[in-house]
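Below are two complexes that have subunit A in common, paired first with subunit B and then with subunit C.
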Partner chain A sequence: MTEVKAVEIKAKLIPIYIMGKKYEVPETLTIMKAIEYAGYRYIRGCGCRGGVCGACSTVYRKPGSYKIMSGLACQTVVEPDMYLTQIPFYPAIRSTYNFEELTGKPEEVFDLYQELFRCVACNACSKVCPMDVEVMDYISALKRGDIKAAAEISFDCIQCGLCASRCMGELPQYHIAQLARRINGRYLTPQAEHLKTMVANIESGRYQESLTGLKVMDINMLKETYTARELEPATGGEDWTPKENIGL
Partner chain B sequence: MPYPEELKKLIKVVESTRAERVARKLKNEEVPFLSLDARTDRLKYHPDFKDEGRHELSIGPSKGYKIAHEMAEVLEAHSRVNPADVNLIKTDYETDVLVLGGGGAGTSAAILAVENGCKVIIATKLRHGDANTMMAEGGIQAATKGHKDSPYFHYLDIMGGGHFNNVPELAETLANNAPSAIKWLENQGCNFSKYPDGTMKTIHGGGTSRKRMHYAADITGAEIMRTIRDEARNHSDDIQVLEFSPAVELILNEKGECAGAVLYNMETEEYITVKAKSIVMATGGSGRLHIQGFMTTNHYGATADGIVMAYRAGVKVCFLHTVQYHPTGIVFPEQAEGILITEKFRGSGANLVNIEGQQFVNEREPRDVEAASIIKECIEDGKGVPTPSGKVGIWLDSPMIENLAGPGTVEREFPGKFILYKRFGIDISKEPMLIYPTLHYQNGGLEFKNTGHTSLPGLFVAGEVGGGIHGENRLMGNSLLDIIVYGRIAGKSAADFANENANGSKLSLEHVIKYNEEADKAGIAKDKVAPMLLPDYTDARIREKQLTSHYVGTMR
Partner chain C sequence: MKISYYPGCTLKTKAKNLESSALACLDALGVEYEELPRWNCCGAVYSLSDDDLIHLIAPVRDLIRVQEQGFDTVLTLCSMCYNTLARANELMKNDEVKRGTINDFMDEEPDYKGEIKVVHFLDFIRDEIGWDKLKASVKNSLNGMKLAPYYGCTLLRPGDVSIDKSNSPVVFEECMEALGAEIVKFPKAIECCGSYQVLGNPEAALKVSNDIITDATAHGAEAMALTCPLCDYNLGHRQEEMLKKYKGTKALPMFYFTQLMAVALGVDPENYNLDLNQNISQEFLKGKNLLEKVTT
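And now, the complex of A and B:
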C-alpha cells in the first residue's frame, strides 16, 4: 500500500545548505521534503506539491560551478552540497485590460507592455526557467508581433516568476505570456462551431424531454438504459455516429 | 532515478506482450467491461469498504453518519479560536460577496458576482490559484458534438459512474450547463486542443460512452485556472484577494443568515473578520487528511475546512462515505510518489498490465472500479510489481500510445509528465510507468441545491466542497466541469442574494459556542481543533526537541 510513513533514515544522509545553513538530509528526497525533514514548516513557498502551481521555485548552486541552477522544490531531488534558497514571491507589474475589447493585434500587446522592447536578448530568463520554457524566444516572437508563436512557446509556463527575477530589462515575462495565450485562444484560433450549435440546441430545449425521461426513470430501468447505451469505439474517428439517434 | 536493473528486466516482459495488445486495440478487441453486478463485487477491494476505517459522527447535523475516521475527527473537533475573543462589533473588512477559496470554483464565482454588480473579497489559504484545479490534467467533459452526443448521454454516464445514487437535479444541471461552461472558457481565451478548423479534440475517459473529454494538452486545469485568474485580476477594482488568509469560522447574523467569516492570517497570526451580504463556500477537498494513510495527489491546503465550518453552522454532509482513489498515482520513483498520472493516458489507449505483462482490467472502467481492480491484482492476486522502495505497483504502458497514434505522441500530448520523468532519467514514450491508487477526490461534501443554495440562507456552495453531483464516484473530467458550472451558478446566486437582501446588523458566533459545548459533552478532547488548515509533516525527531513550541492542532 502507498501509505504515509515517517521518513525512515535508511537512505544515505547528505549535506545541503538551506539559505547557507547546513543540514543533513536523506539523499532520496526532493528539496521540498528535505526542507521539511530539516524542520522547516511551510506557509509560503509550497502549493500543489505536484510541479504545476509555481509556488516553490528554487535557485541553487553546486560546488565547483559558477552556474546558477533552478528547479521546483517539489520536483527536484537534493544533491550533495547543494546551496539553495526558494524564491516564493517576486514583484512583477501586470497590466489590467478589458479582454472583450481586444482584437488580437500585436499593437495591443505593445501598448499594454511597453517594456517588451527593453529586452536585450541576454537569455537569462530561458536559462533560469524551471520548466525549460524558451522564455526569450517567446519574448522575441512577441516583439515581431507573432502572438500565436508566443502562446505556443510559453504554454508550459507555471508563472513562478523566476524569469522576471533575472531580467535585465525588468520585464514581467509571465504576465505578458498570459496575455498572449488568452489572445491566441480567443482571437487567433477559430472558434468551435459544434460548441455554438450545441449551446443553442440546449437553450432551445432540444434535449429536455429525453433528459427529464431519464431523471424520472425507475432505477432498474435507468440501469438497463445505462448498460444498453452504445459505446463509441476507442479508435473511432471524429465522424463516428451511433446506430440509433435516441437522445440526440 | 532511472529504473534499476531488476525493473528493466520486468519491463522486457511488458514489451513482449505489447505488439499483441496494440493489435487487439486496433481491432477494437477490448478487455470486456465489468457488468454492474461484477462491479459491485470488485468494489469489495476498494478502501471505502474497510469498515474498521470509519466511525459514526457523534455530533452535529449529520450525527450518526458513518465516515472515515480522519474526516469524522475534523468534523467533531473544537473551533481553533475562542469565539468570545473575536471582535464582531468592528469588522476588518466589509463586502457584498465573500468567496472562501481561490481555486477554479471560487474564481468563477467571483467573476460572476462582479458581472452581477457586486463587490467581492476572495479569501484563500495559499496564493490565488494554488488549488486542485491547477493540478487537474486530463480534461473537462461536455457533450459538445451533437452528431453523436448530448446531455442525455452525459447524464447517463454521470449517474452510472456514481452508482445511480447521485442527486438527479445536480447531475442534470451539470450535464446541461457543460457546453455553455466550455463556451465561457473559450471566450475567456482558454487554449483548448483543437483541429485547425476550430473543432475541439475530444477523447474518452473512464466511464464515458462518447468521446467528450476536452483538454489543453495535459495541463487542462492549469490552463483553465491561469486564464480565469487572469480575468479576475482584470477586475481588481471589484475583486480583492486576501492570500494566506483561510477562513476558520462562518459568522451568522440575528436572522440566522450567513453574514461573514473569521479569517486567520497565517503569516501575522491575526484573526480578522469580514462582514458580507452572502458567502460562497469554495474551499475544495480534503486529500491532505490522508484518509486511511494513503498518499494524495491533492495540493498542500486540501484539508476539508469548508465542510467543517458549514457543518458547525448547521449544514448537513452527504456522500462522504466514499472517497475517490485515483487509480494511477506514481509509486516509483519514490520522490514523485503520489503524483497523479492523468487518466488521459488510458483514454489514449495505454493498457494496465501486471508483472506478467498481462491485462487484468479494461483501462476505462470508472475510477473506483479501476482502483479496486489494481488493489485486488496487487494484494489479493499477488501479481503487482515490487518497487525498490518496498511498495507494489502496476505498469501503465504509455509506450503503446506511440504505436497507436504515431511516434512523438507521448511527448506532444503529455508534455508535463514527459518532462517530469525525463528528469528522473525515464523516457515514458519508451518505458512504462509504475502506478498505484492514490487519494484523489472528495466525492461527497456539503448538501446543496442546483442553484448553489444550502440550508443556511446566504451560504452558497461550489466545487469539491459540495456533495451529490457525482454520487458515490466521480468520473474523470467532471470536476473541472463542476467547478466552472457550479462556480458560475453560485456566484450568480450569491450576487442575487446580496443584491436583494439587506445585511443583518448583529453578527454572531453563537453557533460555534454551542458546537464547542456539544463537542465537550461528547467527550471530544480539547486539543482536537479544526479546520486543520495545513497538514503537519514535521518529523518526530524534530518535534521532540521543539521544547517551547506550542501546537494548536497541526499548526505551530
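And now, the complex of A and C:
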C-alpha cells in the first residue's frame, strides 16, 4: 500500500473587520464561515447556508468608498479590509389580517399598510437588496393598485428585511410584498381546475382503499407491486396515457 | 407621431374613467402612445419648501425613465401629475446647484438636466392636433350642451408651467367648443376646489366647492368638465353631501373632459367608464341622447 500524504494547502489570510474589530481570516471563506473562523458561534441569524432563507443578511463597506454594500453572509466571499456587520432581523411592522376575509382589492393593501404612501422613490431599498429585486418598482406598482405586478417583481424576495432597514419612509417593503404575492396567488391568478378535481377526489375517499392496502402490504408484495407499476415507455410518444388515469 | 405616456397612480384606480376615455380619444385621433414601462408615483404635490429636495426625486426619476424609453416629450393626463412633473423639470433645467445635489443623490441613474418636455393632454391636442382637426373628427357633436369647463389650479399655476395664460386661459373652452359644446364662462373656473383641504378641513373644502358649482349653475351651466381627479372628488363625489348642506345648490353632472371628448369622437362607450362618475352624469348623457353607439 502506498501511503497518501495529506497535502496542507494554506489559504492566504486577509484582514476583515467584524463589527469594527479586526480579524485575520482565510481569503477563501464566505462571510459566514469567516465569522465562525473568527470565533463567533451562530445560535440565530443563520439559516439554510444555501442563499435562500434570508437569515444572514450582511451589510459591508470596502475601503475608499462610501457605498454601503449588501449580501448574504453564506454566499458572499470575504474581501480584504471589508467592514461588516450582520442584520439578521429587522423589527419592521407586519400587519395582521384574516386572509379569508380579504377580497383582493388594492384598498385592502392600502389599509393594512398605510406606510406605503410614505415612499418618496429614493430607491435605497432596491440599492441594498441582496437579491437584486427592484423593490422601489414593486412599491410603486402597489401604490397604483397593481398587485399582480408587485407580486411578480418581488418574486425573488427572501424576506431578509434589508430594504426596510434603509427606508426613510419606514416601510416594511418585504411584508407588503408577501401580502401582494398571497393575494396574487389566491385571487388574481387563474385557478387550476384539475387541482380542485383532484382534491375533491381525495376527499371523496377514492384512494382510501388502495392507500390502506399499501400500508398493510407484505414487504415482498410491496416490492412486486412497485416493480410492476405502469411506466411510460421510452417510445411512448406524445399521445401516451396510462391505462388507469387515477389522477383525474 | 408617437409619444411617451405617464398615467399616474390615481388613473389606475379611482380615476380609470379619465384614463380609458383619454386613451380611446388618442386612438380615435390617430396618436400613437407608449406607456412608460417603468414609472413611480410622481408625489402628486410639488413641495413648496425651497430646500425639500427629497420630494423631487420621484418626479425627476420619472423624467429619467422617459429618456430611457427614448422619447423627448411626455404626455400627462392628471393635472396634479402634470404640475409636479413640469415643475420638477423646470427646476432641473434652471437650478444648477439643486440639479447637482439631486443628480449626486441618484447615483444609480444617469444625470438629468431637464431635457424632457412635459405636456398635458389639453395643450398636446391644441399644439399637435389642432382644433380644426379635432372638430373634423367629431361624430357625435355635443351641440346644445351648456358646459362649464373648470380648470382648477394645477394646469395654470404657477405661471412658468401654465398650459395657457394663467389668469385668462382659453385652451379648455376652445377644446370643448371644438367638440360642439356651448361654453359657459364663469369667474370661478380657475379657482381652487379645496384640494387636499378635504383631509384637514373638509367643511372648508366643501364650501369652496359649493361656491364653484353655484357660480357655474348661476351662469347657466348644465354640466361641468374637469381635468383633475381631486377636483372630481371634491366637486363630484362630495356633491351629495354638498346638496344636503347647502339647500339652494343645484346638482351638476361632472365629467372628465376626456369622457366628453370620447362621446363626441364616437368611441366605443365601454371606454367612458361612467360608472365611476356620479349617477346623474350618466343620466344626463342619456337625456341628451349621447349614449347611443355611433355607427358611421
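Going forward, the second predicted complex is superposed on the first by the 208 of 248 C-alpha atoms of A that agree within 3 Å, B and C clash if a C-alpha of one lies under 4 Å from a C-alpha of the other, contacts with A are read in each partner's own complex, and residues count from 1 in each chain.
Keep in mind that, in the parts below, a residue touches a chain if its C-beta (ideal position, glycine included) is under 8 Å from a C-beta of that chain, and two chains touch if they have at least 3 such contacts.
Computed from a predicted model, the values in this text were never measured in an experiment.
Q: Thinking of the overlay built on chain A, is A:K143 touched by subunit B (first), by subunit C (second), by both, or by neither?
A: second
Q: Check the residue A:S204 against both partner chains and state whether it touches subunit B (first), subunit C (second), both, or neither.
A: Neither partner.
Q: Figure out whether A:P106 sits in contact with subunit B (first) or subunit C (second), or with both, or with neither.
A: second
Q: May I ask you to decide whether A:C119 touches subunit B, subunit C, both, or neither, giving the answer as first, second, both or neither?
A: After superposing on A, A:C119 lies in contact with subunit C but is clear of subunit B.
Q: Using the superposition on chain A described above, determine whether A:K127 touches subunit B (first), subunit C (second), both, or neither.
A: second
Q: Which partner does A:I219 contact after superposing on A: first (subunit B), second (subunit C), both, neither?
A: first
Q: Taking the stated contact definition, name every residue in subunit A that is touched by subunit B in one complex and by subunit C in the other, in rising order.
A: Common interface on subunit A, subunit B vs subunit C: nothing in common.
Q: In the complex, go through subunit A and note every residue touching subunit B.
A: 1-4, 6-7, 28-30, 33, 36-39, 41-44, 46-53, 55, 75-77, 94, 96-99, 131-132, 151, 155-156, 158-159, 178-179, 181-187, 189-199, 201-202, 206-207, 210-211, 214-215, 219, 222-223, 225-227, 229-236, 238-242, 246-248
Q: Quick check: in the complex, which residue numbers of subunit B touch subunit A?
A: These residues of subunit B touch subunit A: 1, 25-26, 28, 30, 35-36, 126-127, 129-130, 132, 134-135, 143-153, 155-156, 159-160, 164, 168-169, 172, 175-176, 179-180, 182-183, 186-192, 194-200, 204, 209-211, 217, 219, 221-223, 226-227, 230-231, 233-234, 236, 244, 266-267, 290, 293-295, 297, 299-300, 329, 331, 334-340, 349, 364, 379, 391, 404, 415-416, 419-420, 423, 436-438, 534, 536-540, 542, 556.
Q: For the complex, give me every residue of subunit A touching subunit C.
A: 106, 119-123, 126-127, 136-137, 139-140, 143-146, 168
Q: Mind pulling up the subunit C residues that touch subunit A in the complex?
A: 7-9, 12-13, 38-41, 43, 54-55, 57-58, 61, 105-106, 108
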